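The letters A, B, C, D, E and F name the chains in turn, as written, and every chain counts its residues from 1.
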């Protein structure tokens, strides 16, 4: 079994390893595809975001593990990510089990994200053009966030509980709970995507990925009436203190008549 | 047909008729049951809330239209509602059609709520202990909010678009999208419920409604780890500007490294 | 009640009133939006298509009944539709009942379509930006197709049974059963849409509809790996004789080894 | 409007009008198709069953209202039904509204059934070969059972609450909650079906209904490992006192070791 | 791999090892939480119940494997369980595979339960406060009950087929098929829960579990109109001989008029 | 671990190993049960079909691996299958993982099927009478079809992409997307089933499988109005070029008026 839990290229870019948000993906470029615009937007507002990949993407048609590592670093720079970590669980071999949950839980405890972004955890169909690693990554994220709170598990650092997990890579029958307007971040997002040359600008591939990804963003944008958007699902009931937050006016105490 | 669209007891309690939130119910006490704690909480923060009933509740086992009107006023006072309006669509006769949509749309245009609370609009089963008026009220609310934006419909005032609609009275197979902690508002909520003496403190009834309603609040509270909660469903994808709002920290620019 | 069943502008463009496909919509432009590329494609292959509207669209923000009639004719011309019929059920008043089912069933018997295209018949949410007339149109189409087979109902002409009904205007949580590539018909589709000037090129409207509609087509196209597509749902089990038809090779008897 | 609520052929066959079970259908033969074996089985055990039709079935391809009335009586005799009541809501016009709910609630109060059997109340698709009257009959039954408990509604007799409602005519995507073995009642069931000559033995019809109905019973039987069965859905949570009742051993106090 | 299949603390409390019902959980206290009131009720009626745990719960925040074993024994005594068996599959490591299915199937063959209670087998979301071991335990139970019927599998004793399986630990979007009134057993249930001191009366924990569990019971009770209830899902179609069993009157032959 | 990936009885019956359709099952007879009529029909039209089993069925109550191999060959002959391949993944041990996906992907590349038939990939309930190997086989098929397109995976032959996958063995709550009329192939289908003497004509078994399988075919047939049918689900959106293919008239260019 090749599924070692050793880190490969864990890169803490600053002294402080805490992040506000950790985006988890199976293969280098998953986070860029599903959350790139969002990360750029959050970075612009001063939030600290981290990116975690469970594999090196070595089975991708384009590129190699080494090439994709370089591309992921470049994309992380574009998006302003504070952390880029990569496991080597094995491309096409990601599985939700005790070991993979522990490894990710360890990372959660170390970086203490308030929010985790992860792929949607179940599919109506694995789909030929989809990937079982995505579903497994979503399941690992859910269980790792749980494990991170158990004090007796063999995980370093103190137990830690995230505030929320949101899911990207929604299957076609799943409607987003919310959509984020990324119109202003569209160019930055495109730049991050194009950093993955081996994937999206590869002349050997016959599919125009950039076109597809732009289409996806236009489609989500249409749901909320903007040009470009990225859509997410909230997987479990949220605790909402002020429901006006949900329409963007919380913190603004309304004037009393 | 008894379904007149004339207002019965439209009571604007202040000069300014605008509200931040409009809670719509089928029978006097529906809003108290589903949103009482929420309304008390919002009122405490200075938001202006209104309550709208589609019928006078004259078919309820306890009370009469006149008694229930008085009880509803008392409960609205307890919750700090700025507006209490009651249609006379006919208890047990509420139906989602052109006329009922127009009537509610008119009210929406007049009071310009940013958020509407309405009963959940579909049921796995009408259920013997449930009520078809609730489903109809949910459907009317959805369609009225839509109609309020159409400039050519025979509705007074300018077209108006609400920001969001949330649903209460969730059937057992529907999990809430979010839950609001009402532990601090629990006593106020109980007081508002008990204002409906003919419904909840009626010695002729053999069911302990207060017990049931407290149980419901405990159950929702349990989902988010508090003593008492009220749960709601978001019916369509939301536009979220800052996803940290969803965990209660938006507006707080995080300190940068 | 204004819901007369009299025809308004029934226009048979050729001697022969039979069609291969009948596309039903609630408001003039619904069919163009949901099936425009498909109709252009079918027309190019010699199939005879007809368009039926249940209302004159008089409540639309832009245009009037008369203007929209003219626009619908122009769009029908662009798409090569052989028939354009319009009921006057009343914009915002469409309801699935005995009378509306009979009226549409009458049309089905007269034109004998093999396939009917109709809006999706139920919605997770009526949605503020959606329209209850769409759901009602879908329900009427389903029931009218059924009524058209009952010999004792007060409908002229012989009982007739369609072969299949497909649905457009899918809510976000409904994945299409199939998608049709309309890349080659994209320009014609755009031309048909732009014939509805009052709707899609109206400077008074602040929303860029053409952008949204193109996005929708790109999104469906992405599902099947083409530039532009239109997606549909099959509402009930199909009788399939040769399953290789489903991948486009039926009729081609394979050579035996 | 032809939808009078007057009774047409209300036939109480014995002095005592109370029944243990009331089976509601839209058209004469619906109950026989969905519950015939069950009714024969219950009759054999001494339970009193009643049959209620909402229409006279005058739009059926075969037969007339008068012929079908005679057939329904014959079938009711075969199944041992104690009561056969028929409304004249109008074939193809059944609708769930205040008047139809009241009419059925009146019947429920009079006959005091513990259990009601009714068509399934919603459909993934009305289906061309299906019937909207069936869905409406299911909805009316649900709401009428509710109305029968409201003391202020204009309904004669004392408020009455049924114990349970079970649903037949399940759409293909709905799996039964339970299946009843009707192997021993199969011949009686066939005899009851064949009493409806105009429907099932009509040489003008090209479809072999008896074959189809037998197939349906075989299919349900297969689910529980018997030759013939009829399947039903429980629409809302049941109160179960002794869960061993669910496997047929309640009432048998097990010997203590 | 630590997942040995050897028994740890298999305790047969009487000579006769047969049980009427076997309740399976992942961690000591799961059965008490989900089925405690039910077991007490069944015990009071003379049914023989057994409890099976798949792990020793050694990863729980409170207690140790040894402490929890002692607590589980005390709780089993309170509930009158005839058998308490504990596997050592490893807390947080429970997985549905060939070995775990065989182990549980072996137990099923030995004790011959008519009914098995098991956790619900799938979750909309693993949830941070939930546990993947619960889902795995439900899947193992389903597959083990199946394996117990296969004569060639390497399992001792004769093939055996249970009559029914019911599920507890329902996710929020799953409505119970039935609820059992445990009002009279409430105190006994509380006593059994409090036997798990390390879990529910642990001053180190900041959550009031007893409050939450009482709330859950009140909520289920409310569904059937009693003070306290426990709710369950029937996972597959039941064979019901006398549908009046479902309302608690089977076995009582009604008098014939 | 006994799960070797070595082939056992790979039998290429002709020189040309390409097939039009590959039907994958877990145990010898699965394909016959779910697709036997379909395969006979396709064979009659000159399509080349292959059958692949993932296990030798050694845990079946009747027969042995050797006996079942012989029966499967006989059945394959009856159905005109061009290829019969059998893996030895272990009966009751089939699991969707990297190794099983690779093994099946290898076979897909070798035989280049346009269509794959596979068991439905998820179940509302594993069901006592069902089998987890079936779900696993469906998941393996989906993922293997995906893996077959990845050029870097350790699989021989060129990357290959199938056109469509259809699913059989539908759980009761899943309605087929389409049904194929197998009335003319019924006798051949029965002959193929009866080749599996150890399974379906085994006097030691107390269940009449032939009766059950005929019932299933009658039930599917009833959905499309024929005597016998087999039903399938399309797992993901199809690319349909000419929607008239879906009603069996594609390829027939209609005459232009």
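By our rule, contacts are C-beta pairs under 8 Å (C-beta built on N, C-alpha and C of every residue); 3 or more make two chains touch, one makes a residue touch a chain.
Given the structure is predicted, the values throughout are model-derived calculations rather than measurements.
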item: Farthest chain relative to chain E (centres taken as mean CA coordinates); value: C
item: Proportion of interface numbers common to chain A and chain F (over half same, under half different); value: different
item: Angle of rotation relating chain D to chain E [CA atoms, steps of 5 degrees]; value: 180
item: Computed distance of Cα centres, chain D from chain C, in Å; value: 37
item: Chain A and chain D: spacing of chain centres that average the CA atoms, whole Å; value: 53
item: Of all residues in chain B, the ones touching two or more other chains; value: 124, 129, 172, 175-176, 223, 225, 237
item: Pairwise chain contacts under the document criterion; value: A-B, A-C, A-E, A-F, B-C, B-D, B-E, C-D, C-F, D-E, D-F, E-F
item: Contact set on chain F toward chain C in their complex; value: 14-16, 20, 38, 42, 45-48, 82, 114-115, 163-164, 166, 175-181, 223-226, 231-232, 234, 236-257
item: Complex contacts: residues of chain B adjacent to chain D; value: 58-61, 90, 92-93, 95, 124-132, 172
item: Chain B-facing residues of chain E, complex; value: 124, 129, 171-176, 207, 211-212, 214-216, 218-219, 221-223, 225, 227
item: Chain C - residues contacting chain D, complex; value: 96-98, 101, 121, 139, 142-143, 145-147, 149-153, 161-162, 165, 235-237
